[in-house]
Each structure stands twice: as C-alpha cells, then as structure tokens.
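Right after this note come the structures.
Across the two complexes that follow, subunit A remains constant while its partner is subunit B and subsequently subunit C.
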Partner chain A sequence: MRTASPQPPTASAPSAAPPGARSRVLPFWANPRLGLVIVIAALVALFSSLSPAFLDPKLTLAPLQADVSVYVVVGLAQLAVLSLGHMNMAVGRMAALSTFAMGLAYDRLGVPLLVGLAIGLAVGAAIGALAGLVIAKTGVNSFVVTLALDFGLLGLVTILYTQATDGVAFAVKPAGLAELRFDTFADYCAGELCGPRVPLVVPFALVAALGVGLLFRFARLGREILMTGANPVAAELSGIPTHRRIVAAHATSGLLAALAGFMLAANNGAFSASIGESFLLPSFLAPVLGGTLLAGGAVSVLGTVLGATLTQVIYKGLNLLQFSLEELKLYIGLVLLAALSLDRLRAVLAERRAVSSS
Partner chain B sequence: MKNLVMKNPVMKNRALKNLVRTNEFTLAVIAIVGFGALAVATDLNLLTAGTMDAFLRFLAVPIVIGLAQMVVLVVGQMNLSVGVLTGFCAMASAWLLVEAGVPAPFAVLAALALGALVGLVNGLLVVFTRLNGFIVTLATMTILEGLRYGVNGTGTYQGYSPGLRALGGASVLGVPVVFLLAGTVAVATALFFRHSVPGRRLLASGGNPFAARLSGISNDRALVLAHTLSGLLAGVAAVIVVAAFGTVNASIGDDLLLSSFAAPIIGGVALAGGVVSVTGTVLAAFLVRLVDVTQAQFDINRRWVDLIIGAVVLGAVLLGRARDKLTGGAR
Partner chain C sequence: MSIVLSAEKLVKTFPGVRALDQATLTLTAGSVHALLGENGAGKSTLIKLLTGVYRPDGGRVLLAGPDGPQEVHFGSPQDAQRAGVGVVHQERNLIPAFSVAENICLQHLPRRKGLVDRARVRSEARRCLELLDVDIDPDTPVSRLSVAQMQLVEIAKALSADSKVLLLDEPTASLTGDEADRLYAIVRRLRDQGHAVVLVSHKLEEIFAVADTVTVLRDGRSVAEAEPLARHSRDQIVDLMVGRAYQEVRLPQRTVDPSAEPALVLDGVSTSAGHHDVGLTVRPGEILGLYGLVGAGRSELAKALLGLEQITAGEVRVHGKTARIRDVGDALRRHRIGYVTENRKEEGLFLDQTIARNIAVTVWRRLSRLGLVRDRAERALVADYTERLGIRLASPDQLAGQLSGGNQQKVSLAKWLAADCDILIIDEPTVGIDVRTKAAFHELIAGLAEQGMAILLISSDLPEMITLADRIAVMRDFAVAGELVNDHEYDRMSQAVIRLIHGSQEAA
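Take a look at the complex of A and B:
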C-alpha cells in the first residue's frame, strides 16, 4: 500500500527512485512485510517450544489477540499522521480524554455501550482536528504542537478525573462491557456451530485496519493526504486543499486513538485515568517496524498490523518466560534496532541488484 | 550580523531595537516579571535563603538536560534517549560507588564517559543506518530503559560517598554548587557554538547540510559530534542528580524527556536545525521552574503545571511565528 510520487524514476540516481517505482523493480525479498511474517513465525515457534503454555488458547492466545488489537489501532492512529510526515505525540492523551468522555457519558447519562463509544470517537476526532487546525494555520511543526497538547491534556485529564470521579476511574460498568472483556466468539453458538476462540474486541481492530487501508488506497481523501505528505507544494499547486487534508489526517488520528482507548478500557474492564499512558512508544514501533517512514507520502497498513503483532508476541512470550517488564524493553529495543538495520541493508542490496540488472 | 560596527547613534538605536525584538529579551522580561510577582505574592518568602537555595538547586538538571536536547536540535536531530540515559548514568555511577567501592572522582568520570559513549553509539547508528535520529534514539531509549532497570532492579542506592553528597548540598555565597556547575556548562556550550570551529560547523551543517558539504564540512561528523555531546551532557545531568539528590533509583529520567524538549523550544531553538540559543534555553528552564515553585507555594494541583507548560510551549512558538511575520521573516 504505497503511493507513487509524480516524478519519473531516473536510472542515474537509483537512491532517489520514488517508492512506487521501487516496489515494481525490487525482488520480492525486499518487502519488509515478508521479513516480519518470518520473524513472527520463528518467534512463535521458539516461544511455544520453550513454554507450551504459549499455545494455551484461553490463557495466552486470547489475551494476546486482545492486546494486539489494541496496539494495531494505536499504531494506525500514528500512521494516520505519519502519512503526512507529521507526528502525533499526544496520541495517548487523546485516547485518555476520549475515554473520559465515554466514562462520563456512561456514568451520568447512562447511554448504551455503542452510543458512548460514538461520543468518545467524536471527542477524539475533535481534539485531533484541533491539533491539525493549529498545525495547518500556523505552520508550526506538528511535533511541537502535539507535544504541547500532550502536556496540556496530561494536566486536563487528571483534573477532570479528580472532579468527576474518586480520582482514578469511573465505577460505572455499562452493559456489554464485561462480555467485550471476557467473551470470545466460541461462547456464541448457532446450534452446533460455534465461533473461533477470538475475543470480541478483535473485529474493532479489523474494521479499523480495513477502513484505514481502503482510505489510503482507494479513497480520494486518502490519496490526497498522501500527496500532501509526499510534496506539500506540488499538492497545493495541483489544487488539493492541503490545509483541510492536514486537519482530516489529524482528526483520523484522534478518532483512532479514541477507539484504541475504548478497546483498552474494555480489556481492562474500567474507564481509568491511566489509559493511554503506554501508547506513545508502541504507536511508533508498529508502523516503523512495518516499513512506514517518518518522511510521509507512503504508508503500510499491513506492515503496521504485523509490527504490532511482532511487539506483542515478544512481550507475551518473554513474559511467559518470567522476564520482567523492564527487561523486556531491552529486548524490544534490540529487536527494533536489528529489524530496522536489516531492513536498511535489504533495501541497499535490492537497489544494487536492480541497478546492475537494468 | 550583530557585530556590525556601530558608527552613529542611528545604528546604535537599531541595535537596541534588534535586541528588544529577540526571543531571549521577551523571555528575560517574562522571567523577571514572573519572579518578581511570585516574590511579592509569597510575602518575599521566595527570597529567603532556604527557598532560593532549593529553587536554584532543582534548576540545575532542567538546564543541563535542555542543553543536551538543544545540541542535537542544532543539527536537525532529536534525542529521545536523553532522559533515560541520565537515569542510566546515575544508576551506573551509584553502582560504582556503592557496590564496587570506586572513589567518587572516578564514578563521576565514569558517568560522563558512559554518557558520551552512548551518545557516540547513537550518532554512529544514525550515520551508518541512515535512519531518522528519532527512530534510532527511540530504539536506544527502549534498550537503555531495560539497562537502567538492570543495574539494581527496583532498589534504591543511598548513603554513598559523603564527600560527593556534601558537594552536591554545598553552596557558595548562597548559590548551590550544582547550579554553578550547570551555569558553567551553559557558558561552555555557548562559547562552543559561538567561537569554536566544530561548533560553527555543527550550526552550518544544521542550517543547510548541502551548502555545508560544498564548503567541505562533513555532515556525518557533525551528526556524530552532536549526539556525542548530547550524551555527555546527559552524563553531566546524571552527576548532578547523584550529587544533589542523595538517593538514586531506576525511575530517574522518566519525567525528563518532555521537559528536555520544552526548554529549547520555548527558548526559540528551531526543530529544523541551524539555530542555537543557550540563553533562551536557560531562561525557558527558569520559567518552567518558576511555574513549578508557584505550584508548590500555593498548593495547587500538580497537574495544573503540565497544563500551563503545554500552553507556554505553544504560546512561545506562536509568538515567535508572529514576530517573524512582523519583522518580515528576518531572523
């Protein structure tokens, strides 16, 4: 899922070849997604041979799928602005503010589960749009704007929770939240036929990934966002309203952050102030591992899904092997560094081959 | 640009006007007014020796950590590992003092060397992998988090080297030694960027890498040097932490990452590179500390501080934009 930049590929400068042209020329093993699939498969095999509990459907696989789902959506929230070459440093706090809105709606208004979710998504999209608006209108670096927003929301969310609850979390449990947390499709049978042992939150992530994938591949809006990311001046000259596209991308990011917050709240069983605290680093890990660059103009949704899966498989596996959370970080960092360096090496080798064969 | 020969009063007047228009001048005015207002609001309690001492003592780390971020911003890079590296260096030197029984001077040197070494690795990784510095330091930050915890788990080191702790708690004429150290580091950094050849090269490379390369400056070397300096400054911050706080554990550095960006950005350093402002960074750290102290003095919810700092960061950047527009974009 990559875009082609407008300029034609030049044989004399292979390193400047646009991503679209590169994907046509390069051999299949230069695709970073394939490497991720192999690494994930190898790690699953390794962990299940070291600890048979890794393949236990109820203890490991179901929670693993639930975790992967959350972090896929977190990664997509970051991907939405990486498409522009922007960053969203407030991705976790946007999720926190949105889940506060959801918790408030359930607690004070007693709305059904999905209505509360819709309210939260609207709040997330609004705060994202606000960030986008400031960036587009002032031209200030997105990193600075969202960093300032993160500081601001960090304060605001805690103050709001202190005002509206006992300070930590909403006590309310809307109908359906417990099912979302504990049930899998295996608990729902039509006669003899029962569903697979897949948690109920997984479809949320699938819908999000499909939606974002379709947006960037087929929708005019998504294509125009990518063009704005690839070359803002050229996009502006081609008649694309770049300011509105920037706002749209950031609103999408806020919306997805809100969805991730809702899914984490469902997994934890509570709408609490701590939601989103752990989102920032994974939000970059998943898209970057999947081959999305920070430069903008190209995204990989499938890569983001695989990147999130890889990090969560490592967490879960090392966790089963009794590693502490802090030790895990050491290995996650090393894997990230190794994966990125190998990816770089692969790209260089593939480019050389493409040049020598042409 | 500022060193124009001032021949007549008109030129002098213009130089004064230019000074008034600088970001640093605005920050200095805000800092003085804010400090004065707080002093009056607390019935001059702020000016008592004990309060002033604490004010300056806890200003030392924010200044140095802001400078550590600034030196990589100069070449258009970011260093996400700066806070965690400070924590790791602090834990490592405390381990040397407590577990290995190394004399204090060596532990201090080891912390500085370790910081510079990690910075060097960051720089080399950026140069050799051609990856964005943001991603490289994101990875090394994650690794360092693990290492920082690996030194002593959740345990706390305390009661090490009485000499070092006494130095950290000492004051000269009412000014804490650690603050003097931070001030010295700031002056050295300013001199480095203003008068030394490597410093000017960093600025040239950050401002326009292409032009710098054509002038015979190695951009790769500039990247490595900037990251090494950033690591070294994180090591200095670690030494201040070990000396002034008296206890060290694995949570040190967690709250430093965002504030390391806040100081240079408020201080007017551009993320795109090529701009340096040591005065601005120091003044911004002072302002943030002022907000902190106000919160403590009036017993305000700790969280309002974050809200205010967020507003200040954005406000400062927008103000800079507006001023650039008014003065026709001249920097």
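Take a look at the complex of A and C:
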C-alpha cells in the first residue's frame, strides 16, 4: 500500500478536460451517409455495365430523377413523425385524400395548377394535424391511431372517387401538368443556353428537403419536436408545449404526403385513386436507410435523400434488366435487407475499431 | 487479509476524455472499501471496467482463484457476475413493469422445457432476499416499490451464490438517513460474511462510518490506494480529492426585507395530488426550505404549482396577483417561475441530445429570430453556463448521457439558470454531487437569492437545509406541519425539524 507522491497543487479549473485528454472520432466509413453514397455508386456502375440503357438521359435518368423526387418527399413525410418516435401508417392515404382534393378543385373550380396544389397541401396538413391531435389528447400509440385512420381513409377515398369521377381518376388536366410531366430544364433556353436535363418536379423535392432540413436543424419548432421525441416528460418540464409540437409534426407529415401525392400525379399525368398505394414501405426505408432512428430525437434529411435514391436506383435497374414485377419485389426486399445489415455491420465494426485503437 | 481482486494500471479513453489513467484498486476479503473522488474523477468508469460493461484500453484485472490470482477479461456483466463480481450501478437498472422476483433472476432465468420456471424464479428470489434479511414480496411489480426498496432489490440481484465482490455506486444518493442506515447494516453483514464491498459515495460522513479502507481517484488516477481510512481525517480526504488544500466556502450574509411584497404565496392550497390547506410565502431574496421525508408530498406540491396537478382549493399568488398556471411553459414565460426537477435522468435531461441543447432548451424562444435559433448566441450562452458551473465536458456537442452523474446534475441546473427566472423551485439540487461542487452550488444558490431571486428549496439533506434556508417549512403527509426561522445552529435546528416531522405539537 502506498500513497501517490504528493502532487504539486494544480489550479486546474473543474471545467478543464482531465490531463491526457485527446479527442478520438469514429473512422470516416462509419458515417451511414457515406456508405449509402458508395453503395449507390457501385449499383449505378453495375447496372450501366449490364445495360447501357441505364445511362440514357431521356429513357432512364430523367424518369429516375422524377421518381427519386417523389420518394424523397414520401420519406420526408415519414421522417417528420419519426422525429417524435412516432409513425404515420397513413402517409399513402393522406396523399390520396389530398390529391383527390386537388383533382376536385381543378375539375369543378378550374383553379390554376399551383392553387390546386395549395388546397391539397392544406387538406394534407389538416388531416395530419387531426391525427396528431388524437394522438396527443388520447395518448394512444401513433401506430394504432394512424393505422385506423388509414383504414378509414381507404374507404373514404374510394367512395369520393366513385361519387366524383368515373371511379378511378379525374379526367381533367390542368394547364401546366403536361409540362411538369414531360419537360426538363433542357427544354427551356435563354438564347443558346439551355438548362440541365432535370425534370421540372425535382425542385419541389429540393425545396421540401431544404425546408425540412432547416426546420429540424435551426428552427425552434423543429428542435422542440426533436426534444419532445427524445424525452416527452423532460420536454414538458422544460416548458415545451408538447401537445402542440406533436400536432405540428403530424401536420407537417400530412403536408409532405400531399406534396408527394401531387408530384406522383404529375409524373403519372392523372389525379387517380391509386395514388399513395405504393408509399408506405418506401416512406420508412428512405429515412431508416439514411440513419434516422425509429426511437425519435434524431433525424437525417440528407440520409433520407440518399436512402430514397438507393431504393429507386435498385428499382429502375432491376426494371431495366427486365425482371418481372414479382421478381422485382423479391429482389428489392433482398437488396434492402442486405443494405440494412451491411449498415449494422459497419456500425459494429467501427465501434470495435474505435475501442481497440484508443 | 487476502486480496480478492486487484486492478492494475487501468486506462480508459472516451472521445475527448481520458476517464481513467493508470488507476489502481486492490480489494481484500471481509472489508468495506471506499472509492472516492470528485464528479467525473472516473469512479463509475472504474466500476464499469471491473464488471465487463466497458473493456479497458490498458491495464489488467486479477481475480483470486483456487490457484492464486488470475487475469480475467469480462466480456459482459453476466461474465463478471458468474465470476462472483456483482454490481449496483449509479443509474437504476430495474424493469419497472416486472416483478421483484423476475428482476432479481433476470440474468439467469431458470427454465423448464424451454419455458421460464415461475415457481423457481420466485423461490430463488425469496432466497436472495432472505440472504439480505429484507422483507419484500417477490411478486410485487418493481414500479410499486420505494426508492430504498429498489436499491435493496438491486443488491439482491447483484449477489449470486458464490459472489465475492460487491460494487455499490452511490447506493444512498436518493435515500433518507434511516434508509441509508438500514442499507449499511446489510453492507456490514455482507462484509462479515467475507465479501469485499466497494462503496462509492459523496456523503463522507457515511463513508467514515462504514468503510475500512479508501482509494481516492483524481482525474482518473489513484492518488491514495487502499489506505486504512482511520489514518485520515475528513479534511485530508477532501484535500486528496481536490488536489490542493481545500478551503470551506463561506456563504454571504443575506438579509431579507420582511416588508417586501412576497414573490410567491400559497394560500390554503389543496391539490388533486392530496395536499390540504398548504400555506407558504417566499419573498424576493429569500430561500424558503421545504423539508420532509421522502413521500411527504414536496415534489408533488411543486408540480401542482406548475399546473401538472390540479389545484382544488385555495389560491396561488405571484407578485401579489392571483395566478392560474397552466403548464411549465406558462410558468416560465408569464410568471418567470423555473423548476429544477429532482429526477435528472427521467425528468431533467435529454440524455441522448447534446449538452448545448439541454442547456438552451428553455431559452430558444429568446435566442431565436424569425423562428430560427441563432447559433452564435446559443453557443455563447452555453459556454457561459458550462463555465460558471464548472461542467466537466469535452465539447458542448457531446451527448448529455456521457457526462458523469454529478455533471449531469449541473446541466439540469444550468438550463434553469439560463432561463433567467424570478422564482426558482429547486428540488434536491446536490444529490450525487461532490464536496467541492456542493459547496459551489450552495454559494451559487445563496448568490441567486442575494441578487433578489425568490427560492423554494426542496431538499432531504438536513445540513444543506440548515446551511442555506432562511426559513424551513416542514411537510408531513401532504400538509405543512410547521415552519421554523432558521438560525443556522445545527443542533438546535435539526432537533426542532425532527420534532416537527414526528408530529409533536409545539411548532416554533
């Protein structure tokens, strides 16, 4: 037994890091976003070597960008409530109801394209807010509430379409819809200078991504939503109006679902009852692949963009290689499972390396 | 005396922090060993290394075996427990919805034909509890136990049939004096049965009463190793922890203007939580202490005041005006009342958010323009408060959950100081806080009062109460049993307070 030799009195302020402190960070490849970029690049290389048509701007790249745009917004719609640790099982049907409202406005009121969009967004936000209100007031799990809502909306949308249309879609084509569907910026020139071959719907997704990014990174509202997701009790005891934040997050989700519905309608060229049917699974895949936690409290917008890109690249590539629809589903499922496990594996390896290298 | 476990030159680095730097610990059978150090000195980290929660970056752990000491590498807490090293961590680790028995047997559920053997779970748990001589029904869900009972269940869970070492990380931080005494009686018995018990605590009086030897950590290094405690005075130990001659802080003399208009008045308040006819008055610049046993309804009163429980009768007045407070946000913005919660892990902190966000969350409104939080203003505010409270961190972007327990407590206070209130309710501010920081906290709280803040101090720490409060209101069974003017004479005040708690009629 011994006492350490008496140390000279150190006047270290308690806030100073202990001596010998040095910083150590996880290796760069532990970042899930970077992993996604690499996987996307590898798949693009693979698909274009198997089928040169994959790099055809008109045939593949432009439609791919249009699809990615839709599913980025779909992913963001889910991300808006994942921030709370909630789920929105009704993303697809919220989109369907909102696009019905848009179609009705164009058909019966003859409103211009953007006014119809605004109406649809308002409907989406309202139905989302309703879901949020029920969840906040009753305390029932968001999964259950939105699942029930989804079921109800499924019936409602079908009834509405049979009442207002031939049962499937609105026949009306508002001015500008065709351009949104077929044009790229390359079709618009100022003298000799034409834009890039980027479809006109892409800016919608960009604005949505920037807006959501701004919301969660800098806006008080978004940060308070994240805090509510991280620890609802502490959030309430810190003076955050948690109920209102829950409503706001779900309203944002509904609004983004409506936007995605509009973009899909533009890509398809019709406001139809089937819009939103394909939204649910991709809405989770994009954010989760991008590193957003299901537990709430943390989101990644960039990751969602990359996650949506990955799923659509896979889809387009397999489609081009002429896989049947059933095969397509099977392989997408497998590839995504592989991507997710790889992601997990990478995280574990990085952690282990960080531990042993220090 | 035989050495059961020795840890040699343990090193552990976290991003930005070397938590342990060649720390050494030697444990002998049949003794209680105190592990002391300031907040963030590395005590909990050392315990986690010894029980397989973390793996050391350097150094080794030797455990006594049948043929001499053997180096061990615990891959998981289960490994450690199987080798006879049990632990009760600083943070609670029970599953509230499970029964006592299930919690005790969680690590090694007895099975029959692949299914959990419920009868054996119960009998084994009963045996564990009897070993400790505690009387808790194994079928009760843990959520219905008191904090003290939970602590005993944790100990029962940590012990196994052939356990040799028991590590207790601040087991009495949230227990009352009586409850702590009972826990220490069990510790002594385990010692007499030949266990080596390690005890981490910031309550030095308790350490001196039960421990035989002491190791002091400072900045991750052992500065005293397994010394007999009897050789040291309390002051010497504190000096070792702090690293220099430590001087007691003298609190400023404050005088409260008795004619000043009260900042906060509770007039005959009854609540849905069960309070009846509570009357309290706090003036600007005054510290009103609210003392009582755990369960007397003090935190619940604070919550009722903030609108989390309903006020069913009586009236609350803030600065002379009747106030109906809806929620914490309302209290903060309309009445400038803040509430530092007692329970930092569940109620006070966002453990997986950054320290910066934890501190700034109450003031984002003030820091934002057009709904966007101004980053620079936030950074400046956070830097200001981490510095003022001496929060030991690598970076404000670190997660709050990575801080040591005491530093977490400081963060939960910092966010309310930042909120700039007139009236502050502080619930158990120094639970789990080291001697020096505790004194700094006392100085800080007294300083806030001196600047004119009205403070309602809830504390179960009687010396703290008598040091800080101007008046002490004693609560019993959701009502005020009496109120005393504090003359800071410890012996007389403590007797008067205890008399009120036990319900004698004469109130001073």
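Methods note: the second predicted complex is superposed on the first by the 327 of 358 C-alpha atoms of A that agree within 3 Å, B and C clash if a C-alpha of one lies under 4 Å from a C-alpha of the other, contacts with A are read in each partner's own complex, and residues count from 1 in each chain.
The criterion applied here is as follows: a contact is a pair of C-beta atoms (placed from the backbone, for glycine too) under 8 Å apart; a residue touches a chain by one contact, two chains touch by 3 or more.
As the structure is a computational prediction, the values presented were derived from the model and not from experiment.
Novice: Between subunit B (first) and subunit C (second), which does A:L226 come into contact with in this model arrangement: first, second, both, or neither?
Specialist: A:L226: touches subunit C, not subunit B.
Novice: Going by the contact rule set out at the top, does A:E236 touch subunit B (first), subunit C (second), both, or neither?
Specialist: A:E236 contacts subunit C only, not subunit B.
Novice: With both complexes superposed on chain A, which partner does A:E327 reach: first (subunit B), second (subunit C), both or neither?
Specialist: first
Novice: With both complexes superposed on chain A, which partner does A:G167 reach: first (subunit B), second (subunit C), both or neither?
Specialist: A:G167 contacts neither subunit B nor subunit C.
Novice: Is A:V140 in contact with subunit B, with subunit C, with both, or with neither (first, second, both, neither)?
Specialist: first
Novice: Looking at the overlay, does A:L294 come into contact with subunit B only (first), subunit C only (second), both, or neither?
Specialist: After superposing on A, A:L294 lies in contact with subunit B but is clear of subunit C.
Novice: Please work out whether A:P52 is in contact with subunit B alone, subunit C alone, both, or neither, and reply first, second, both or neither.
Specialist: A:P52: touches no partner chain.
Novice: Going by the contact definition given at the top, which residues of subunit A touch subunit B in one complex and subunit C in the other?
Specialist: Comparing the two interfaces on subunit A, one with subunit B and one with subunit C, no residues are shared.
Novice: Can you tell me which positions in subunit C touch subunit A when the two form their complex?
Specialist: Checking each residue of subunit C against subunit A gives 13, 15-19, 21, 26, 38, 40, 55, 57, 219-227, 243-245, 308, 327-329, 331-333, 339, 341, 346-353, 357, 361-362, 364-365, 368, 371-373, 375, 386-387, 390-394, 415, 419, 436-437.
Novice: What residues on subunit B touch subunit A, complex-wise?
Specialist: 78, 125, 129-132, 134-136, 138-150, 153, 250, 258, 261-262, 265, 271-272, 301, 303-311, 313-314, 317-318, 321
Novice: Inside the complex, what are the residues of subunit A that reach subunit C?
Specialist: 1-4, 7, 9-25, 214, 218-221, 223-224, 226-227, 230-231, 233-241, 297-298, 355, 358
Novice: Write out the stretch or stretches of subunit A touching subunit B in their complex.
Specialist: Residues 87, 134, 138-141, 143-145, 147-156, 158-159, 162, 281, 284-285, 288, 293-295, 324, 326-334, 336-337, 340-341, 344.
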